[in-house]
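What follows is a set of structures to go through.
Each of the next two complexes has chain A plus one more chain, namely chain B in the first and chain C in the second.
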Partner chain A sequence: MSTTYTGPLLSVQDLTIEVRGDDGPVRLVDGVTFDVHQDEVFALVGESGSGKSLTVLAIMDLLPPGVRIASGRILFRGRDLAQLPEAEMRRLRGKDLAMVFQDPMSALNPLQRVGRQLAEAVKLHASGLNRKQTADKVHSLLAAVGVPDPQGRAASYPHQWSGGMRQRAMIAMAMAHDPGLLIADEPTTALDVTVQAQVMDVLAEARRRAGSAMILITHDLGLVAEAADRVAVMYSGRVVETAGVHQLFSSPAHPYTAGLLASVLGEGTAGERAFAIPGSPPAAAERPAGCAFQPRCHLGSGRDKCTAARPLLTLLPTPPSSAEGAAQPQGMAHPDGAAHPGGRAAACHFAGESTLQLLKGQPV
Partner chain B sequence: MPQYLIKRIGQAVFTLFCVLTFAFVLGRATGKPAGLLLPDSATPAEVDALNGALGFNEPLHVQYLTFLANVLRGDFGTSYRQRESALALIAERLPATFELAFWSFLLGLLLAVLAATAIQLTGSRTLRSLFIWGGSLRHSVPDFFFALLAGLLFSVALGMLPSLGRTSPASLVLPVLTIATGQFVLYVRLIDSALSDQAGQDYVRTAFSKGQSRARVLFSHMLPNSVLPVLTMAGLNLGSLLGGTVVVEAVFAWPGLGQVLTEAVSQRDFPIVQAGLLVVALIFVTVNLAVDLIAAKIDPRVSLA
Partner chain C sequence: MRTDTPAPPFLDVLTIQDLMVEFPARGPLFSRRTLKAVNGVSLHVAPGETLGLVGESGCGKSTLVRTILGMNKPTAGTVAVGGRNLAGLLNGRRRQERARMQMVFQDPYSSLDPRMTVHEIIAEPLRINGQYTAAAVNRLLEQVGLTEAMGGRRPSEFSGGQRQRVGIARALALKPELLILDEPVSALDVSVQAQVINLLQDLQAELGLSYLFIAHDLSVVRQISHRVAVMYMGRIVETGPVADVFNNPQHPYTRALLSAAPVADPAAAASRQRIVLRGDLPDAANLPSGCSFRTRCPMATEACAAVVPQLLPPVPTQADFPVRPAHQSACLLVHS
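Showing the complex of A and B:
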């Protein structure tokens, strides 16, 4: 990792993940490509089963047994994680790459004190610390995520913690070594609605303090609007659209994105039927040859092109109204640090066509 | 906690009372012992006199109450044949039984833990099949037959180990080997499935995400967390081993509880049978209580109430 490296922090290129099936391998993630830049929050959005979690588990090299990376590259600071030997990977995991999982109720070892589990994370990448220093570090990590009485709490067991507090502990654990990339896999989904916002604030604050980039996996578009800089929308194992968060919400280019946005309940929908995309996503083994979204698409019905050919993720011209950094070379931070280059892209033969019709009359 | 203990001890006392009652009832159901104790030439009058001397001519409820009252005083009576206190005869056999049970249990469990961790560390299906297949093969050979084969090989053919009695530490080897290898596959299956269960848990993924190595995750997270499901079964096994292993003791002439109890049953030596059953039940109850206390100690979520 040279200091002159100027590419994106993380570059996932054509990542394909397969699982062994009865009739040969099944592609769960199919040619996913995206970049995550220094300092940005990159949201990965999609329904359950769209491959978001597998994609980030592949980045961490924590895929479940039987599931493997079939092809593609995962460049982290220019190094291909998919080719890295396990010993090297272990040095990155928990230090430069850290992850916060969905369910804090099960992500902590129920038989070990929380402090001990944090100490394990601390000591793994800082071997020189003695017991006292490790304990101090654990307490300061817990204090930093807003856990009251860190000394007392560290000595207690996970079942004595509430869900929100446990997720704070998980965040503290992930931030132990100020990781370059923090991955949060639906960090608030399993929590009470009342503490979701608090935990997101803690996460955002911890990330900002450490200067980490973050991949935020969620299906909560409200969360995306609040927290993310850029978004990739996944559908049936593929990325169907990537865009800056403002562009995505103001002018979705892919009909699936438009459908997602339209289905969000707004102020005007009380008493009315919420919009729902008809049908359900295809199983990974039965993905159609053409566009995987075609059977559910209001644009694609009856169009031969959609059933015949799989649309590739292609760069779109940026509307002049929101021309943020469309033509900038990769890796150069945008002056205001909020938006990043990379442009917007969609995987649709008719990208942008009349998606707004769907949103008309639908508060977003 | 003290309340819990009192409750458990109360339950234990009730269990022991039931065992005593069963021992009494089943013993009386087999008839009076004097006919077996006296030579064939004894006259009916002599038999009746001996039965009367032993208290068997009293009404059943009187016998039962006398029996219970004596037990409460710690008096199990005198062995009909050996003219010694029955409890003392049982107590005399305990060291031999405990020694055999303890080492067999430890060796079987240790071998199984090693095998199960090797399976997990290598992730090898072949290794798993090998251990389970081999262990099942051994398990499917009856202990007495395996014991005879082991005796033939190591004592008769090779002359390396003693095959009878309890004379030196070497005497332990064959009986322990017989019991431990027989139980090995039970523990391997149990520990392997407990570990595989843990492997899929979220907290294990968390441990890996910290950058922990496979071996450390196995030893510091998965293995301790697998103890709980294994503990109950292991406790039951240990209990039954401590109660004496009839077959193995018989083959190796091991002077343990199993041996003395089977002899006493066939000779209708009721005081020994009754004392022996109570001791075995006491061991079982104690081991079970210990298992529950250990489980509570290991798992902070368990509260003893």
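Showing the complex of A and C:
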């Protein structure tokens, strides 16, 4: 199949996820569209409640009870995962689609030796292996993520492992069958800074070896800058901007992205007054009409267009010098016709209007 | 009012001297070991100053805070508030002295009672001390950027950033001189973190507060601190004015910590030299001999196993970036 298929590895199209609320369904994810291509690291950035985790749980078909996909397509190698029977999905999950979770302690069974849990993941999609072959595979997987003494460690329990080592074990498990797409949901948020650096290195190396694409979910713009090729910024259940990583940081088009970047603390801001986006994100049930960011926006606040109409993710002109913007994939057309997540797009009526000024610390 | 003999203004708000906190731990079989959570820490916080305390989980930060607040008994050393050693005071008097420092917790979701209104939460310390008036609570609400009307609501109706404002208002109720802020913004979203940092800086300027600001996020510490102390395995390994420590780190651990923190700039990220440390933290009940960082240190020599390095001012050098005397580090290699 993969020999003839030329579209993006993963294409999420107009995905809407709902939960039942007291006054009818609430849209937690509201028309999310993006593509992930072979070999790339695609970052989904957003604050808590922005819908980034639900989006990837929908891809894995692991949505919590009561939460369902209301509409949209999730094409993985051209096949719609949302329509796939459970048995088919089970054959993909853990094999071609793998996930690393935020908290390795709750993702591992505390009562089972780590080696046995890895063996389970190995045998799930390679039932022909005998005991010895499985053990060898487990040990080589652990060795590949830099776990010292893999034989000895495999025989111990998760509580005997440090947080960083546990996350390595989770990465080893995810990489057991060289997945085409690896999803890492805040993989280092629970870890200390120095351990985070180790684990990000291990993740990058494992991904490179297996040739997997990766969706990296994070709220940390530093990690995005270091690890990602392309980025989608989510706000209140919607993608507000997609861009190559260099473009996103140097010239954000959406005022929310610009605000996030301006509020990054660093050498330049030390001791000064930090830039802060006023207010806080709306709850999904109380999302304002039009643009969800409008009440907090320095551009849109009070403008009629922003309260009247929801801005769609729209392709923006790319400067010709930008190499990453020029690499347009020849995928399928997107539902709204205009938004092509392979390029640079923003969902703002006044995209790019004065975001740079904000970044330079000038009053807005 | 708080004390009959007010402390002279030049005294440090908080002075910690050679503090040791040990816990009994089980060793192999029936043997007993001692876990040295805080291993000879000296710190001080001046009036109106923010001291940033940086360190990874397991370094002893939390034990240090608990000991300052009197929830742990120190094995040795002293904690003095406004120059007065808390250990020497009778209980009632110690409580009075301790009201001069208040705590702001990391998680604004679990540190506020969900059944109380915000007004009641802020009123509680005032009532306990017989100082409650509704006006006082409303003034506190306003001070942290909330409105009087919000006082009637419960924490569940508030966003994370607003809840943390409530936590700060409660901490300010008894007019403390020192706030101990334990990771006060790490549970908040990026766009809200800056709001709370700005509020803390405004309150400090307005009320002359001192902060002991504990965080693992180096950019947040850099933003708000005047001085920084870096903690590793129960010891302070480096301390100094914030710009000195961040721009010219001396201790190999501080260097690794600073280099490991991701920078939100893809161009700089590509060219950056990162020091990735080997391994994990050692076992606190079985510390390595000599310098406890030597097992992970990229520069360690044999001498590091023999001597416990002391926190020392720099050796005078002819270097381009001379290290100022207030900038101290505990590393044999720095001082040899």
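The criterion applied here is as follows: the second predicted complex is superposed on the first by the 339 of 364 C-alpha atoms of A that agree within 3 Å, B and C clash if a C-alpha of one lies under 4 Å from a C-alpha of the other, contacts with A are read in each partner's own complex, and residues count from 1 in each chain.
Following the convention adopted for this analysis, a contact is a pair of C-beta atoms (placed from the backbone, for glycine too) under 8 Å apart; a residue touches a chain by one contact, two chains touch by 3 or more.
For clarity, every value in this text was computed on a predicted model and none was experimentally measured.
When both complexes are overlaid on chain A, chain B and chain C end up sitting side by side without clashing. Looking at the shared chain after the overlay, A:Ser48 reaches chain C, while chain B stays out of its contact range. By the document's definition of touching, of the two partners only chain B reaches A:Phe101; chain C does not. Angle at chain A between chain B and chain C, computed from CA centres in the superposed arrangement: 70 degrees, to the nearest 10.
Of the two partner chains placed by the overlay, neither chain B nor chain C lies in contact with A:Val240.
Within the superposed three-chain model, A:Val193 lies in touch with chain C and out of touch with chain B [touch as defined at top]. Of the two partners chain B and chain C, it is C that touches the larger number of chain A residues. Of the two partner chains, chain C is the only one touched by A:Leu223; chain B is not. Once the two complexes are overlaid on the shared chain, A:Val147 sits clear of chain B and of chain C alike. Once the two complexes are overlaid on the shared chain, A:Val202 sits clear of chain B and of chain C alike.
When the two complexes are laid on top of each other via chain A, the two nearest Cα atoms from chain B and chain C are 9 angstrom apart. In the superposition on chain A, none of the residues of chain A is touched both by chain B in one structure and by chain C in the other. Chain B meets chain A in the complex at residues 200-203, 205-213, 220-221, 224-225, 298-301.
Of all the residues in chain A, the ones that touch chain B in their complex are 60, 62, 64, 90-95, 98-99, 101, 103, 106-112, 117, 120-121, 124-125, 157, 159, 170, 173-174, 176.
Chain contact summary for the complex, chain A toward chain C: residues 47-48, 162-165, 192-198, 201, 219-226, 245-246, 249-250, 259-261, 263-267, 269-271, 273-278, 280-281.
Contacts from chain C toward chain A in the complex involve residues 56-57, 159-162, 189-195, 197-198, 201, 216, 218-220, 222-223, 242-243, 246, 256-257, 260-269, 274, 276-277, 280-281.
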